[in-house]
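Paired with subunit B in one complex and with subunit C in the other, subunit A is shared by the two complexes that follow.
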Partner chain A sequence: MSNAVSTAPGSAVGFKNSKQTEQRKAALAWLTIPALFFFLVFAVIPLAGVLILSFTSWDGIGAIGAAGLDNWFSVLADPGLYNALGLTFLIMIVSWLVQTPISLLLGVFTAGSQRYRAALAVLYFLPLLLSSAAVAIAFKALLDPNFGLATGLGLPFLAQDWLGVPHLALGLVIFVIAWQFVPFHTLIYQGGVRQIPKSLYEAAQIDGAGTIKQFFHITLPQLKYTIITSSTLMVVGSLTYFDLIFVLTGGGPGNSTRILALDMYLRGFRANLMGPASVIAVILVIIGLALALFLQRLGGKDKQGSQLEGL
Partner chain B sequence: MSTVLKSNTQEARTGSLGRPASAKRGLGSRLGRLNIPGGLGGWIWLAIIILPVYYVVITSLKTQAGYFGQNPLALPTEPTLENYQSVLEADFAQYFMNSAIVTLGSVIPTVLISFMASFAIVRGSGRFLKLVNGMFLMGLAIPLQATIIPIYLMIIRLNLYDSLLALMLPSIAFAIPLTVLILSNFIRDVPNELFESMRLDGCSEWQTMWRLALPLTRPAIVTVAIYNGLHVWNGFLLPLVLTQSPSLRVLPLGLWTFQGEFSVNIPAVLASVVLSTLPILVLYVIGRRQLLAGLTAGFSK
Partner chain C sequence: MKQPQTSRRSFLALAALTPFAVAATSACGTSGPGASSGNGGASMWFLSGEPNQTNMQKAVDAFNQANPDNKIAVTFFQNDAYKTKIKTAIGANQAPTIIYNWGGGTLKTYAEANQVEDLTSWLDSEPDLKKKFFPSTFSAATVNGKIYALPNMYVGPIVLFYNKELFQKAGVQPPKTWDDVMSLVKTFNGMGVAPFSLGGQSRWTSMMWLEYLLDRIGGPDVFKAIFAGKPNAWMDPAVIETGTKIQELVSADGFIKGFSSITADSNADQALLYTGKAAMMLHGSWTYGPMKKDGKNFVQDGKLGFVQFPSIPGGKGDPKNGVGNPANYQSISAKASDKEKESAKKFLKDGIMTDAMIDAYINSGSVPIVNGIENKLNTSPDKDFLNFVYDLAKNAPSFQQSWDQALSPTAAEALLNNIDQLFLKSITPQQFAENMNGTLGK
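So, the complex of A and B:
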């Protein structure tokens, strides 16, 4: 592919047929039709539909009737909503605080070249292979006070009624989420660390900076965009921890782990109140969009592409 | 924006090919000095990850008596495969088939139509294409699970409730935005001269797409296929809401109902967990690098 061959005649042809080229380029639009069709029918229309359904009453089987603002008033007056909102944000923030430092350090650790680190990394990533349902079921068995980890390790403090006491269940949910998702973010940080130019460390060494200094002055700043990408995925992803919590606690005990997504499901498909459930869904969409925009702004305008990719 | 996307792509590509080995080595020796606290933390985290996995595997090989009698972390004194047998008798082969059908039936169309759309977005021009691209980018920011209720309504109205097709259609739609983004980043990286020379050879855009762009974007296609495939394979909400027949259960749903029915037989429940993970574990062993690259789908920049 020599330049001489491709540029000279290429530009001549381009000049002659520039109008033709334009047409050719515009004609490509039809290639997007299949993807557009699926996206419009099963994503855009449902998105509009969820807003419309929030103004109706429907039990999931019978006819759909108009309900005006009734659902909105009843949901906004329901303390259950604020409980779910609070829990969603609590789990989001605590999960971020727990997972980010662990993932970052593990990412730096596994980016090292020692053999044993590579071997450890292979095992670290195992939770990525499991479905949320499998993880939740495994942990339920593991936490059995008599036949689980507590007895196995001889650590009686582990023998708690993890799923029966509200604050324990909440802590458990946060732990299991970390267990499941830290590997993913470790992988992201590992990739980020490997992108840092080696020359930066060489220069720092010549200047006599120690490892800790290097970590805070090179690794951490260089990982800025990785941190934003990972955090965006973590925060927006936390809105959809539905399946793990559903299988692990079912939202209980009481409503102590009933996050928004679960609240939506239980109102809609258990209590058969699709109208109020749609209100919750609209709130979820708004929170998701707001968080995405906020985090995107945090990353700066020029990084728009990668920020969006992080969603 | 386009420059940023381009640099992302490059990184994603080297990532998926596992190239930066040399850079890694140099960096590693430097990071190696963080060794003592780092190493300690590394081993602690290993214990946190491995203990549950170990417990699940050994318990799945125990008899009921062994489960109740032995130390929970001891190796089974009389290892047995009878739990696996009872899981297989409980229609797990069927669940496996359903999962495979839904996964392939979602991923293949997703990748195909997203690839076509990406090619058009990168190679074409015009307001329509800009609009389409903008819409897909917006789609990235929306938690699509929140649309489950209208999707349920639509699936009922389309007479698709309780069918495997009902799981595929929304899965395809949900996967399109990210797939288009990643694939268009890669196509944008193909040197323009290559496209020009195809054109001079008299190839149509359609031919160029299949003969030039497709082979050159293969690594990205594998990456997004794995990413989407794992999401569909492990998906829970769509099957929970859109199917009800036992014969149409996919693996995660099968796992959930199985643990409900067999809650007294923990070894069997855990055998079902192991069995449902086995196919992906095999993939992990065969193509770890590719699978991990696929998992992050180019997020690791």
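So, the complex of A and C:
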């Protein structure tokens, strides 16, 4: 079987001279230096800078002054922070619940080899080509309560004040995020499904399992790590949703779509409060790291283990 | 089977990709138009949108032709985006040579951080230039007794526009008092027309309502106390009454459906007025030009009416008081080179308020802030509107600068956020006053 052949080189590693392997590893370590350099300059140093700024008062223009823990106390006592945190998690959870099943099913569907599926896949992937700002501007124009699609086509059920009523605006933001990101996750699942060996399905067919049984007993378990990868991207990515919401609603109406990343921006660059904005940035980093670690753990200790054992 | 290489492989992939990502981002950083235009010219940022964009481009082109050694490179930005971009650029020492602004609190933060040039002595050496402009326009450009910006363009009072056709159809007159406003709201809602157009997502548009209401109810001194940062200035009963009146109007469906998702940057609020979907609009006089240009023949056929904001029975403010922008301003970046500063000064003196520009502003329905234009205004096809604006600005016992420009950026952002919530009725007028009171002195 072809799969058995492709796994052979990996199992050969154990027979190699251990000294040789050590030397190879040392040589490879040098190759990481450029990446480490950029990681240091563009991730670690700015991160340290933000941490320092969170203990200062600065309007972004004048001189920087020390502020001790003032920013932290004022931000942590601000109900705006908890509103933003709640909204961030709400959008994260609902987005995951909406996007995962849709992209999983679309991924399975587009993984098929039929021609029409390939043609449909191209259509599904179109939103992937558009920038968030363009998507937001287009939706804003379509949903304009007075000049939008509903008025143009005379569709009364569409004629809601989508972006002007707090709960509708929040729902719409989740919808547009899904519209924009489902294609990306579909692509991930499509790749994942194509990796599943055909032999599994052939064996199931011989045993008399139908399409639905095959999906739940082969496809879904085989996609375990794909689901974890896609979920990590969704969850950590939802912490940084910014451009789309910024253009679509600007955090409004009121504060009903003012998520953490947007709150940070508005505080820093609109209200000229770089200190409190940095506090929020630090909070964002902590939450992001915690979530990423949690999702890694979710994969279990045998994460590096193969799903193809026995094949 | 184990796959120990997985993590290292992806790490190496990252190593290979990172330099590209970095190159992409750093390219964005250096290509900013803040960089000088080379050979001693100056750079300038200005607002996009017609007719001003074309007028300014023409002025720059004419100046560049006459002054090949002092060329000005101009870049245009959308209003709301510009307000953030310019602050960030100044903070990062990437500001253009000529900094367009609205004077007031924002200019004060620039001046106190030594980011803009003190123009006092230059203006003393150019008395003709200083005398050219309405004297009142210099107050919003003055910080601690020094002038940091040169006024330019036109005076922009907030006025109440109305659609004459709809008023005729309804058989009603434009409002003179708050009671008139509330009864007109009923009339127009009954006709299926929105009483007031409003681009509420931009928030400063909603603020214009508060500016006038507070002035009419409590007089100009209430905001002066707020501006001076006096303790509990926001807790004035006039503030609470202003908020109450706003929420009354919102509850009576005074504003067009969906106002909180309409932005002023797209001029959708103006379109609602000239397409007859809304009967009235409280907006800056600067919207006259765009409405004349975009509204087919709405303005030309005399369908656009305009009056002063109505009075409030028992209110302390003079109904002749105005609010809005006394002028727009240009400052010169203190970080620019001497040659750039020289080019910028030359442009501000000879290039920006030329006779051609003054005529262009008048032709687009604006009142330039220069003395001795009465004759030009009277011979313009828009003379009714121009004289209305001119008289409003000239005869107003008090002309309050727009709050979001007068206050510090920190207080202004809190103000706009709270105004948004006030219009949505998610906070009470009392909470509004309390929230704002916490921003005094910030």
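Convention: the second predicted complex is superposed on the first by the 255 of 311 C-alpha atoms of A that agree within 3 Å, B and C clash if a C-alpha of one lies under 4 Å from a C-alpha of the other, contacts with A are read in each partner's own complex, and residues count from 1 in each chain.
As a convention for this text, a residue touches a chain if its C-beta (ideal position, glycine included) is under 8 Å from a C-beta of that chain, and two chains touch if they have at least 3 such contacts.
Bear in mind that the values here come from a model prediction, so they are computed numbers and not experimental data.
*Asks:* Just subunit B (first), just subunit C (second), both, or neither: which does A:Asp59 touch?
*Replies:* In the superposition, A:Asp59 contacts subunit C only.
*Asks:* With both complexes superposed on chain A, which partner does A:Phe42 reach: first (subunit B), second (subunit C), both or neither?
*Replies:* A:Phe42 contacts both subunit B and subunit C.
*Asks:* I'd like to know which partner A:Leu123 touches here: subunit B for first, subunit C for second, both or neither.
*Replies:* After superposing on A, A:Leu123 lies in contact with subunit B but is clear of subunit C.
*Asks:* Determine, under the contact definition given at the top, whether A:Thr32 touches first (subunit B), second (subunit C), both, or neither.
*Replies:* Both partners.
*Asks:* Contact-wise, after the overlay, does A:Thr240 reach subunit B, subunit C, both or neither (first, second, both, neither)?
*Replies:* Once the two structures are laid over each other on A, A:Thr240 reaches subunit B alone.
*Asks:* Applying the touch criterion given at the start, work out whether A:Phe147 contacts subunit B, subunit C, both or neither, answering first, second, both or neither.
*Replies:* Both partners.
*Asks:* According to the stated criteria, A:Ser132 is in contact with first (subunit B), second (subunit C), both, or neither; which is it?
*Replies:* A:Ser132: touches subunit B, not subunit C.
*Asks:* For A:Phe269, is the partner it touches subunit B (first), subunit C (second), both, or none of the two (neither)?
*Replies:* Both subunit B and subunit C are touched by A:Phe269.
*Asks:* Classify the contacts of A:Gln23 with the two partner chains as first (subunit B alone), second (subunit C alone), both, or neither.
*Replies:* It touches nothing on subunit B or subunit C.
*Asks:* Given the superposition on chain A, which partner contacts more residues in subunit A: subunit B or subunit C?
*Replies:* B
*Asks:* I'd like to check the shared interface: which positions of subunit A are touched by both subunit B and subunit C across the two complexes?
*Replies:* On subunit A, the residues that contact subunit B in one structure and subunit C in the other are 7, 10, 13, 28, 31-32, 34-35, 38-39, 42, 60, 140, 144, 147, 269, 304-306, 308-309.
*Asks:* Using the touch definition from the top, list the residues of subunit C that touch subunit A in their complex.
*Replies:* Those in contact with subunit A are residues 1-4, 6, 8, 11-12, 14-15, 18-19, 22, 25, 84, 87-88, 90-91, 109-110, 112-113, 115, 200-201, 203, 256-262, 268, 271-272, 277, 408-410, 412-414, 417, 420-421, 424, 426.
*Asks:* Quick one: in the complex, what on subunit A touches subunit C?
*Replies:* Residues 7, 10-11, 13, 28, 31-32, 34-35, 38-39, 42, 59-63, 140, 143-147, 161-164, 166, 169, 249-250, 252-255, 266, 269-273, 304-306, 308-309 of subunit A touch subunit C in their complex.
*Asks:* Spell out the residues on subunit A that touch subunit B in their complex, using ranges where they run on.
*Replies:* 1, 3, 5-7, 9-10, 13, 22, 24-32, 34-36, 38-39, 41-47, 49-50, 52-53, 58, 60, 102, 105-106, 108-109, 111-114, 117, 120, 122-134, 137-142, 144, 147-149, 151-153, 179, 183-184, 187-196, 198, 201, 205, 211-212, 214-215, 225-226, 229-230, 233, 236, 239-240, 242-243, 246-247, 261, 264-265, 268-269, 274, 277-278, 281-282, 284-285, 288-289, 292-293, 302-306, 308-311
*Asks:* Under the definition above, what is the set of subunit B residues touching subunit A in their complex?
*Replies:* Interface residues on subunit B, with respect to subunit A: 1-2, 4-5, 8, 11, 15, 20, 23-34, 38, 41-43, 45-46, 48-53, 55-56, 59, 67-68, 71-74, 109, 113-114, 116-117, 119-121, 123-126, 128-129, 132, 135-137, 139-154, 169-170, 172-174, 176-178, 180-182, 191, 193-194, 196-197, 199-200, 205, 209, 233-234, 236-237, 240-241, 251-253, 255-256, 259, 266, 269-270, 273, 276-277, 280-281, 284, 288, 292, 295-296, 298-301.
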